[in-house]
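Each of the next two complexes has chain A plus one other chain: chain B in the first, chain C in the second.
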Partner chain A sequence: MSEPRDSLLKVRDLRIGATVYPPGEKPHEIEIVHGVSFDLEPGRVLGLIGESGAGKSTIGLASMAYGRGGVKITGGEVRVNGRDILKTSLSDLRRLRGGEVTYVSQSAAASFNPAKPIMEQVTEAAVRHGKFTRKQAEDRAVGLFRKLGLPNPETIGKRYPHQVSGGQLQRCMTALALCPEPDLVVFDEPTTALDVTTQIDVLMAIKEAIRDTGVAAIYITHDLAVVAQVSDDIMVLKLGDMVEYGTTDQIINNPQEEYTQALVSVRSIRHEEKQPTDTPLLQVENVTARYKGTKFDVLKDVNVELHPGQTLAVVGESGSGKSTLARVITGLLPPGAGRIVFDGHELTPDLATRPRDDLRELQMIYQMADVAMNPRQTVGTIIGRPLEFYFGLRGAEKRRRVQELLDEIEMGEGFIDRYPAELSGGQKQRVCIARALAAKPKLIICDEVTSALDPLVADGILKLLLNLQKIEDVAYLFITHDLATVRAIADSIAVMYQGQVVRYGTKSEVLSPPFDDYTDLLLSSVPEMRLGWLEDVIASRRMESAGN
Partner chain B sequence: MVPALKLVVQRVALGLLLLFLVSVLIFAGTQILPGDVAQSILGQSATPEALANLRAELGLNEPAVTRYLDWLFGALQGDLGTALTNGASISESLGRRLGNTMFLAFWAAVVAVPLAIFLGLLAVRYRDRWPDKLISGVTLASISIPEFLIGYVLMYFVGVKLGLAPSVAMINDTMSLGQKLHAIALPVAVLTLVVLAHMMRMTRAAILNVMQSAYIETAELKGLSMFTIIWRHAFPNSIAPIVNVVMLNLAYLVVGVVVVEVVFTYPGMGQYLVDHVSKRDVPVVQACGLVFAAVYIGLNMIADIVSILSNPRLRHPK
Partner chain C sequence: MTKNIPIAAAIGLFFTALYFLMAILAPWIAPYGMAEVVGGVWEPPSAEHLIGTDNIGRDLLTRMIYGGRTTIFIATAATVLSFTTGSVLGFLAAVMGGWVDQVMSRFVDLLMSIPSLIFALVVLSVMPVTVPVLIVVMGLLDSTRVYRLARAVAVDINVMDYVEAAKLRGEGRIWIIFREILPNALSPLVAEMGLRFIFMVLFVSTLSFLGLGVQPPAADWGGIVKENKDGIVYGIGAALWPAVAIATLAISVNLVADWVLNRTTSLKGGRG
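This part shows the complex of A and B:
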C-alpha cells in the first residue's frame, strides 16, 4: 500500500447536545460533546476511553447518526466513505445503519429480541439491505459463529437468546454486527458485563474477527487495560472533551496528559496486610444454604473467619454464592446448616430475632447507592436515621454528629440538606458509607460497593474505606468480582466457585503459587495494562492444554 | 415443550374447577332469592293446596343438594331443564339464542380486533403526533358515551335519515349470510365503537413499553423502518397483554351485549335473559348464568394459554 489510504470515517468538530431534567428545574439542553475530531482508516481499530459521562458511547453512535433518548447531534461533520451522514436523508441513513456501519452493545442479553431465534436476528440486516440472500447470509453467519469459537456453529442459530450463555450471546452479537460485511463496527463496552474468565475469550474472538475480516472498528470501554489489547489508536475523553489522542503504545507507555496518567496508574493503592489475631470477630462455620423452593445448595459447607479491624475479601464470578454469604451473615437468609459466631456469641439464624445491638454492630453497604437511599430524604435525614434509632440522638446533637460523619467521608458543609439526586455516584456511595458508620458497627459488609463506579472514583472510595478502617477499627467483609480491588484492600481472601470456598488464607498466601486450577484461571484472566498481554495469555493457555 | 404443556394443562384444569364453583354459586344464589317459582307461576291468589301440589310436581321439596346434582348432571348432558313459564326445552331455545349472540359477537370481533390492533400500531408509529392524539381522542370519546345512546344516534342517522342499514336487527334462518350481515350492521358498529378504545389503548401501551427495550435500539441500528420494527420486533413481545385485553372484550361482546340487543331488538341471549328474569323463570336464569360463566372462563383461559405459548422461555426451555 504505497498510496495514502482514504479515511473511512472522518469526524470534524462534532458537537452533541442532550436534554436534561434536573430536579426542581425546567428541562433544558446542554452540550455533552464539545467539538471532537478524528479519522479512522479502513481496517484500523480506534479505542475510545473515558469515565461515564465522557461521551464515548454518544460519539460511537454518532458515527451512525444516531442519538439515544434526548441526545441530538448539534454541529460538526461526520463523513462515512466520503458522504456527510448528518445531512443525508432518513432512507439513506437506514442503508448506512446495519449495512455500512454496525453496532455491538454492552448487553447482548438485552439487545437480542427474546421472541426470535438467533439466526433470524443475525442475518436480518444483511437480508433487509439486500446484501445477501437469506441462504447466503445464513452460510456467512455459520462461518462467523465458527470463527468466533461458538459451540455447534451449524445449529446454534436455531436457538433462542435465553438458551445460550452471556458470553456466547456476546459473540453472537459480534456475528450479528459482522454478518452484513460492514466497513465499520462500533463495539460499545462489549465485554464489560461479562465475568473476567469469560471476557478474555470473547476479547480474543473479537480481536481475531476484526483482524480476519479487515473491518475497521471503534472500541469503546472504560477499561484501559482492555482497550490496550485490541486497538491501534486510543482517544482519551473526559466530559465530552478530547484529552489525548495517540497510538496505543504511546498512550499506555508514555501518556502526556495528567488525566491519562491517572487512568494508566489507577489501582495503585498499596496496602500492608495484617496478620490474623487470636480472637476472630466473625466465624462462619460449615454454613450451607439454599433459596426457598429450589433444589440445590447455593452455599456448600462454607468456613471463613474475619479478624477485628481487618478486611476479608470474598471474590468470585457471578453465581458463585458471594452475595448469598452476605445474606446469610446478615440473617436475611437463614442457613440450612452451620452457624455464625460474631464477637464471641452465636447469631440467631433469622434477622427478626436478633437483639438490636447485633443489628447495630453489623452494617451493610450495597452496590447500587442510588436505590439504597430514599430519594425523598435529605442526606441529613438519611445519615441521621441510625443515630436516632440506635442512640436516640435528636435535634442539634444529631445534626452535629451527622456533620462529623460527613467530614469523615470528606464531604463538606453544604451537603447535609441536599437530596440524593443532587449527588454524583461517588458522593452517593460516600453517604451510604456514612450511614453505615453512624451505627458504630464492628463489621461492615461491602457488597460490590465500587463495581458501579468509574475507576478513579472507585479508587477514592477504596482509599476512604481503608482510612476509616484505621480510625474506627472496623472490619470489612468485602464482596467483589474485581481482583484489582482485592489486591488493593484485602488482608485475607476467600475465593468462591459454585458455592464453595476453593481457596482461603491471607492475601499473600492466596495470591502466591502454587495455585489451584480455578484461582489460576481467575488470576491470569485479569487484563493487564501492557501491549500483547492478551496474546501471551492465550498462547500460554494453548501450550498448557496441548501439554496435557 | 414440557414446561409450557404443564402450564397449559394446569390452566385448563383450573378453568374447569372454576366453572364447577361458579355453577355452585349460581345454584345457591337462585335458592336464596325470596319467593319461589310455584308462587310466581300461580300468583298472589293461589291456594296453599295448589302451591303444595305444584311444588311437589316441580320437585321443589327435594333437598337442595339433590336438586343441584340433578341440575348439574342434566347440564353436563346438555339438558338444562324446561322453562317454567312455557314448558319449552331450555337447551333448544337457549341454543338458538346463543347462536345468534355468537354470530353478532363474532362479526363485531372480526371488525374490532384487527382494527384496534392496527390503530394501536399506528398510534405508536406516530406517537404524540396528531394521528396518535386523534385516534386516542375518538376512541376515548366513543367508550365514554353510553352504548344505547350510540345505538339510537346511529339508528337515527344511518338507519332512518340515510337508510343505509335497518334499525331493527331481526334475523332468522331463512336469510342468507349477506342479508344477515346487513341486518346486524348497526349493532356491530355500536359494539365495535364500545370495545375499540380499550383494546387499542392496551395495544399502544404494551408496544410502547416494549419500545424502550435495548433490542428495539438494535433493530433501529440495523436500519429497519419504523413499521418493520414495531411489527416484527415489538409486537411479538407484547402479545400477552394484548391477548388478555382482547379476550376480556370478546367476553364482553358475548356477555355484555344485553343493552345493544334490546336496543336493536336482536333475538340473542341478552334479551332471552332479560325476559325470563322479569318472569322469575329460575331454571332459565340459571342456564343463562352458566353459559355466560363458561364463555367468560373459556375466553380468559384461552388468553392465559396464548400468553404461555407466546413466551419463548416456556416454549423452548434451556
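This part shows the complex of A and C:
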C-alpha cells in the first residue's frame, strides 16, 4: 500500500485506554479505542461519526496528543507534518496545540472566558505562538469574522461572550481556531447544541471558512446528515472500532456495512395520520402564561386541541414556549388567562387542587431520563410506585404488574432490581415510559424525549411509543425541536414561535405549502441525508432574498 | 460489602469502636469507683494506677473511662438531636419554599450570627446545668449548621425532574422529603455528621473546662483537664491524657466518616 508523502495527519493503529471506576470493584484500565488508522491531506475534511461512546472525541483530541481526564494514549502513532507527536517533548506539544492544530468544542458558551472580550481570546493563541503581532492578529480576526458572516465584524470583538448569541459565539470560536493559521482544525460537535435554524448558518460558515482558508479538518458529530454536508471522507466508528471508512458519496449512497446502513436509514419511520374525532381529549383555550416575578408573557393566547389516541406535535426553537405549555397543562405553572379542558371537564389551574384521577390520567416523560428517575430507587420501585399510589397494588401483585410493564416496553426479565445507573440511555427512557404507562393515562406529555439519545436508540423509542399508542390508545402531546421526529409520529402539528402558535393543523396541512415564513425556515433547515443539500438550501434562500 | 476496608478506615473504625465500647462498658472495666479516692495526689503511673492518680488522689484511668462515657454520650445525643431537627427543618424549608423558607432561614441566620459558645454560656448561666439541658442546648445550637447544609443540598435535589415527577403524581411532602430527597442527601449529611460529632465533643469539653458543663463529681474529659491543669506547672502530665483522648477520637471518627462518604458516593447511581 502506498502512503501519500504529503499526509498532514497520519494516524496508525491508535490505541487509547481509560481508567474506569465500576461500583463495588477496583478501578481498572480498559481500552476504548482499538487500533484506528487514517490519513488526512491538506484541505480535506474527515467526518468522524458514531453514537456516544464510539470514541469520536477521544480520537479527535488524540490528534493533538491530548487525552481528557483518565484517558491515556497507549499505542500506535500520530504524525502531524511528519513528526510523531506522541513521542515529542512538552514544549514541542505547546507549539503544536493552538498553533498547528486547533480545536472547536461543542459548547462555545462554556469554553469562552466570560470575563474577557472576544477579540482578546480569539487572537491570544496566534499572538502567544508568535505567528502574528497583536495588530496583525486582530486584522486577521476581523477578516475571519466577516468571512463567518458575523454582524459588525469590526466591533464584535469588543463584546463579551454573553453579549452575542449562541450561534454567533460558536462562529467566534471557529474564528478563534482559524486565527493562528493552523494546518488542522478539530471540530467537536460544533452545531449540536444549536437550534436547527441557527445550525444551518453556522454549518455554512464553517464550510466556507474551511474551503477559503484551505485548512484540513476533522469534523466530529453524531448526525450523519450534518457530516454529509461538510466532509470529503467519513469514518464510521462504533465502540472504539472503525466500522467503515470511505468517501462521503460512498458512505451516504452506497454504505457497505450493516451498521452504516442503519445509520443512513434512520428516521425512516412512517406513520399514517389519523383524522380528528368529534370530541377532543384536551383543549387548550386562549392560554396566556408568564413566570412569577416577570413581566413577559411566555405563552400568548395559545389554542390547540388533541384527540384521543392521537399525537399532537409541538415544534419550535428553544425559548419558543413549548415546555412552558407542558408546564401549564400539567398545572406546574398556573396560566394567567385561558382554560384547559381535559376529557370533558375543566382542569383546575394549580396542580395541588387537582383530583387524583386527573393527575393519574395525565402523565409526563422527560428529556433527560437520567434526572427523571431517583438514582437511589430500583426500577421496581420507580415503576411500582404509581401502581401502589393510584391502584393500591402491593407485594407480589405489584411485582407481577411491573414485570408486565417491563415486557410491554420490550425490556423483559432481570431489570426489576437494577438501579438507573445500571441501565443504558435508551433503557432509562423506556423505564420512564413504563412509569407513565403504569398510571393507565389518557394523555402522556413527551418533552423532547428523544433529543438526548443517539439516533438509532431514539428510533427504537419512537417505534415503541407508536406501538404503545396502538395497544393502550393513549394520546401524546409531543414536544420537540426535531422536525424529522414530527414527520415520523405526529397526527397534528402546532408550530410555536416566541410564545405563539404560528401554524396549527393536521400533519398534512402543516407540512404542505403555502408556508408562512417561519415554518418555511424551520422546515428547510432540517438537514437531509444527501450530498449538496446545504448548498441547495443556501442558494435558494439567497435567490429568495434577491427576489425580494 | 465490608471486604475491602482501606487501612486508614480500619484504624479509625478500631479506635472509634474501642472508645464507644469503653464508654458503654465503663462500670465493668473501670478498676475503681468513679469518685473513689484511692491514693495520694498526682501519683505517678504504677501497677495499681496505670496512668497515675489525679489532683485529689482518684484513679486517673477510672476517671478517663467514666469521663469518656459522659463526653461520648452527651456528644452522641446532641449530634442525633441536631441532625434530626436540622435536616428535617432544612428539607422542609427547601420543599415548601416561599415565606416559610424565608422566615426559617433568616431566623437561623440570626442564631448563627451569635457565637455559639457565648450563646451557650449565657443560656447555661440562667438554667440549671444538667445533662439533658446540656444536650438540648448544644443540639439546638448546632442544628443551625445542619439546617444550612440540609437546605442547600435539598434545594439542589428539589429541582430534579424526579422530584417534579413525584409532585405531578400527587405525592405528599412526607414522601418527597423522606423517599426522594433524603436518600440522595445522605452522603453529604453523613460526612458532616462525623465532623459535627467531633465539634460536639470539643464543645462539651470546652463548657466543662469553663465550669458550665458536666458538674463534679461526675467525670468528663473537659472536666479532667480543668481539675488537673495546675499540675502542668509542676511537670505532671495528668491533664494531657484527656487531650490525647479527644484528639485520637476526633481523628478516628473522621477517618470513618471519610470512608463512609467515599463508599456512599460510589454507590450505584450515587451523587458525586
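In the analysis below, the second predicted complex is superposed on the first by the 543 of 548 C-alpha atoms of A that agree within 3 Å, B and C clash if a C-alpha of one lies under 4 Å from a C-alpha of the other, contacts with A are read in each partner's own complex, and residues count from 1 in each chain.
One rule holds in what follows: a residue touches a chain if its C-beta (ideal position, glycine included) is under 8 Å from a C-beta of that chain, and two chains touch if they have at least 3 such contacts.
Note that the coordinates shown come from a computational prediction; the quantities given were computed from them, not determined experimentally.
Novice: Is A:476 in contact with chain B, with chain C, with both, or with neither (first, second, both, neither)?
Specialist: A:476: touches no partner chain.
Novice: Is A:421 touching the first partner chain B, the second partner chain C, both, or neither of them?
Specialist: In the superposed model, A:421 contacts chain C only, not chain B.
Novice: Given the touch rule stated above, what does A:386 touch, chain B (first), chain C (second), both, or neither?
Specialist: The answer is second: A:386 touches chain C but not chain B.
Novice: Quick check on the superposed pair: does A:129 touch chain B, chain C, both, or neither? Answer first, second, both or neither.
Specialist: It touches chain B, and chain C stays clear.
Novice: So, A:356: does it touch chain B (first), chain C (second), both, or neither?
Specialist: It touches chain C, and chain B stays clear.
Novice: Going by the contact rule set out at the top, does A:497 touch chain B (first), chain C (second), both, or neither?
Specialist: After superposition on chain A, A:497 lies in contact with neither partner.
Novice: Going by the contact rule at the top, pick out the chain B residues touching chain A in the complex.
Specialist: Residues 213-215, 217-225, 228, 233, 236-237, 310, 312-313, 316, 318 of chain B touch chain A in their complex.
Novice: Contact residues on chain A for chain B in the complex?
Specialist: Interface residues on chain A, with respect to chain B: 64, 66, 68, 93-99, 102-103, 105, 107, 110-116, 121, 124-125, 128-129, 159-160, 162-163, 176.
Novice: Can you check the complex and tell me which residues of chain C touch chain A?
Specialist: Residue positions touching the partner: 160-162, 164-165, 167-171, 179-180, 183-184, 266-271.
Novice: Within their complex, state which residues of chain A touch chain C.
Specialist: Touch list, chain A to chain C: 21, 23-24, 330-332, 351, 354, 356, 359-360, 363-364, 366, 368, 371-377, 385-386, 389, 419-422, 435, 439.
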